[in-house]
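Just below is one structure, and these are the notes that go with it.
Chains here go by letter, A, B and C, matching the order in which they are written, and residues are numbered from 1 within each.
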Amino acid sequence: MRHFVSMQDLTEQEILLLVKQADNISIHGAQPLEKQLFAANLFFEPSTRTKMSFVVAQRRLGLNVLDFMSEVSSVTKGESIYDTIRTFESIGANLIVLRHQEANIAKKLSEMIKTPIINAGDGTGEHPTQSLLDLVTIYQEFQQFRDLKVVIAGDIKHSRVARSNAYALSTLGCKVYLTGIAEWHDDSLSYPYITMDEAVETADILMLLRIQHERHQADSILNTNDYLQQFGLTVDREKRMQKHAIIMHPAPVNRNVEIEDSLVECERSRIFKQMQNGVFARMAVIQSLLNEGGNYHEKTNHKRQTFIG
Amino acid sequence: MRHFVSMQDLTEQEILLLVKQADNISIHGAQPLEKQLFAANLFFEPSTRTKMSFVVAQRRLGLNVLDFMSEVSSVTKGESIYDTIRTFESIGANLIVLRHQEANIAKKLSEMIKTPIINAGDGTGEHPTQSLLDLVTIYQEFQQFRDLKVVIAGDIKHSRVARSNAYALSTLGCKVYLTGIAEWHDDSLSYPYITMDEAVETADILMLLRIQHERHQADSILNTNDYLQQFGLTVDREKRMQKHAIIMHPAPVNRNVEIEDSLVECERSRIFKQMQNGVFARMAVIQSLLNEGGNYHEKTNHKRQTFIG
Amino acid sequence: MRHFVSMQDLTEQEILLLVKQADNISIHGAQPLEKQLFAANLFFEPSTRTKMSFVVAQRRLGLNVLDFMSEVSSVTKGESIYDTIRTFESIGANLIVLRHQEANIAKKLSEMIKTPIINAGDGTGEHPTQSLLDLVTIYQEFQQFRDLKVVIAGDIKHSRVARSNAYALSTLGCKVYLTGIAEWHDDSLSYPYITMDEAVETADILMLLRIQHERHQADSILNTNDYLQQFGLTVDREKRMQKHAIIMHPAPVNRNVEIEDSLVECERSRIFKQMQNGVFARMAVIQSLLNEGGNYHEKTNHKRQTFIG
């Protein structure tokens, strides 16, 4: 694994290895790097949780962080993203984390760039570290994946999280189902659609997706309480879930839209647990990529730039 | 002290302890943390001095800094501030520094959140670390507080600094007076109003407030030299101050509005001294909160994430 | 050297010393500081490469970085740049890096401020660290400067890079020529103008400048392929260059405007090499300034703030 841009690239063994590595980090922590390395976080779209989660992961591994903001940068002078990444390579970035609005751009760039690229979400393409943290959360709950019934609920069509998770969960032997209003079905994914009521009663894992208000402002259903009642997770529906079943959501949550307010921190919700695991999942990915590139756990030598401060 | 959100919460002893701790840090420095901890700086309003002062304080204590910018974050997706803070908690923040436009929001959130919150200014509410740095500056000058005559001058009504200082100075036994144009009097504070001419002649400490042009653009008086002559500190008025009296201002200064240009760095001005003390005051508050939470000076253990870089 | 604001201030010996120091760092690295120092990066104009290059240089030297963004700061409250810098001094900055839109402001401020200032580009004034990295790149190629023929090509008039380089290259004994469309000639620089065709055939070093589209939107020539053909470096022209000649460009490149796309990473291009050298050049300047101020390589003492994390 030289880059981490899509869950479709990975075998079952590769995914399991990353999941177990992240779970191990969640228990035992991780050894920091002995070398001074730099991670460049190139975020072309707004993000709190993903970006900050990467920063914490990087700092815990002892990486220096280069924080790029497209709003205040040469991109406003029309520089291409390829040239931006080559610039960061030249000034010393050992790792690129990329969020961008264009679907599949991470994969395309990974074929042109030597420095490891982590896809932190590319348009309606993929969001593989979000998927990995979801897998870690499921693994911590069920200790394995085979034959678990996972229902992904909501705006499938526009969700890179849904896409990455559907690929990965299938690879791991889960039974994947989808649910949501008809306009949001995604014909490119060949998983069966069920109703929300069927979903809550049969799922081991109910994965709610965020409704991207910013993409659906015209949809009047979202401006009313109707969506929650018809397609969301109400207190009433939550009661009908299996005893061991868990609720997941990539956040930020639209309270009282995808999920009733009081359920966000309920006992079977793993929403904040997912965020915690995000740091461990990203640490595992970064370790793997730097190991692969020979940059991890290198011995100290006389040229080493010790960070003393 | 589990949070630091208001000067009203603190006893005389608690305030004095923080003042002396900050003064001590100004002389002897401070031991950095042995653990890798994270501070999340959540600034929902523009700030240079306060934010950078927190960053320096945090770095001097060995904390990692998570820099949140509301402009480029999920807050633009409508996420609530409660959810934003819970997110930072989940990804590993050990301390929250909050600046927000809503009065008293820091106190409200401190009742819902376990991680220590420092109020870095909330609307027209309070700005307790600014108050603490003012107290440190006064303490360095007079070695005590009792019976010092402090006059707070300017836009009392809209000033969270005035509010925090009036509370704290009273608690410490100072004699607090206010001065300023009648529209800016604050009926919720029961301190006597005097004229600026009386103020300069009798004050031990003259605390000028910043006029918030951004809130008073319509007030024609501010667009002329009249304000300085009638209510500001002119060279002429400065000459009538007591020999030992000092001038303070939270900055940024509007030169030739609150204070005549040539006085900003005059001998009795403590304006840049206040900024220096801001770092020490914030270090003292952070140390106290992390100590209280058991996070300070913890012993090294095998899981510790040494920052080597 | 107490500040680094203009190449005109420096003697041949001073420039050579910095060039060799940077080249030495490129080979052997640099010892980090033993003290915890802070660099404040004050960028009032957008920048990726320069700002990030400074950050990497600072971190490699073990400096803490204070990142100032004019968009989200008190400058929006009307604070002057002098007061902003004095604020950063007060809270503990040991070094100021300034980019600003006003020509020669760095020099002006350096006469008012004690803390070392590095000019990171001021309007149409100078950009001396960009010049230094260009010199390092030339030195690595030719091991000396005397009698090298350097042609600077493009928008001379608006280019602070051209100005800084013309000064420095002359001081070092290079033969400097200029080329470009007549409207962009700069009467304040007394170097001969030649044609682009003459330039490619005779230059040892062809220094292309970036065309600042943001300043020339009305110029219709830039919206066509004409500019490249008439004044840019085409594949055809590149073939006529001397065998040992190199191509330089400060980047970001406008591909197919100043230079044909396929030449950006061609064998004689040093464009990405220049970026690498940017980090080393800035490390050399920072070391020199901190040494001069007595802040470098100080001995450890009991008050030292060890950065442990």
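Quick note on the criterion: a contact is a pair of C-beta atoms (placed from the backbone, for glycine too) under 8 Å apart; a residue touches a chain by one contact, two chains touch by 3 or more.
Molecules present, by chain and UniProt name: A, B, C = Aspartate carbamoyltransferase.
The model shown is predicted, which means the values in this text are computed figures rather than measured ones.
Asks: Is the way these chains touch best called a line, a ring, a star, complete, or other?
Replies: Shape of the chain contacts: complete, all pairs touching.
Asks: Rotation angle, chain A onto chain B: superpose the C-alpha atoms of these two copies and give the value as a multiple of 5 degrees.
Replies: Nearest-5 rotation angle for the superposition: 120 degrees.
Asks: Same or different: do the copies chain A and chain C touch each other through matching residue numbers, with over half of them shared?
Replies: Mostly different residues form this interface, as fewer than half of the numbers used are common to both chains.
Asks: Counting only Cα atoms for the centres, state how far chain A is from chain C in Å.
Replies: 38
Asks: Give the residues of chain B touching no fewer than two other chains, as numbers and ranges.
Replies: As it turns out, chain B has residues touching two or more other chains at 36, 59, 64, 67, 71, 305-307.
Asks: Please give the residue numbers of chain B that touch chain A in the complex, ascending.
Replies: 36, 38, 40, 59, 64, 66-68, 71-80, 83-84, 86-92, 303-309
Asks: In the complex formed with chain B, which residues of chain A make contact?
Replies: 28-30, 32-37, 43, 46-49, 52-53, 55-56, 59-60, 62-64, 67, 69, 71, 213-214, 251-255, 272-273, 275-276, 278-279, 305-307, 309
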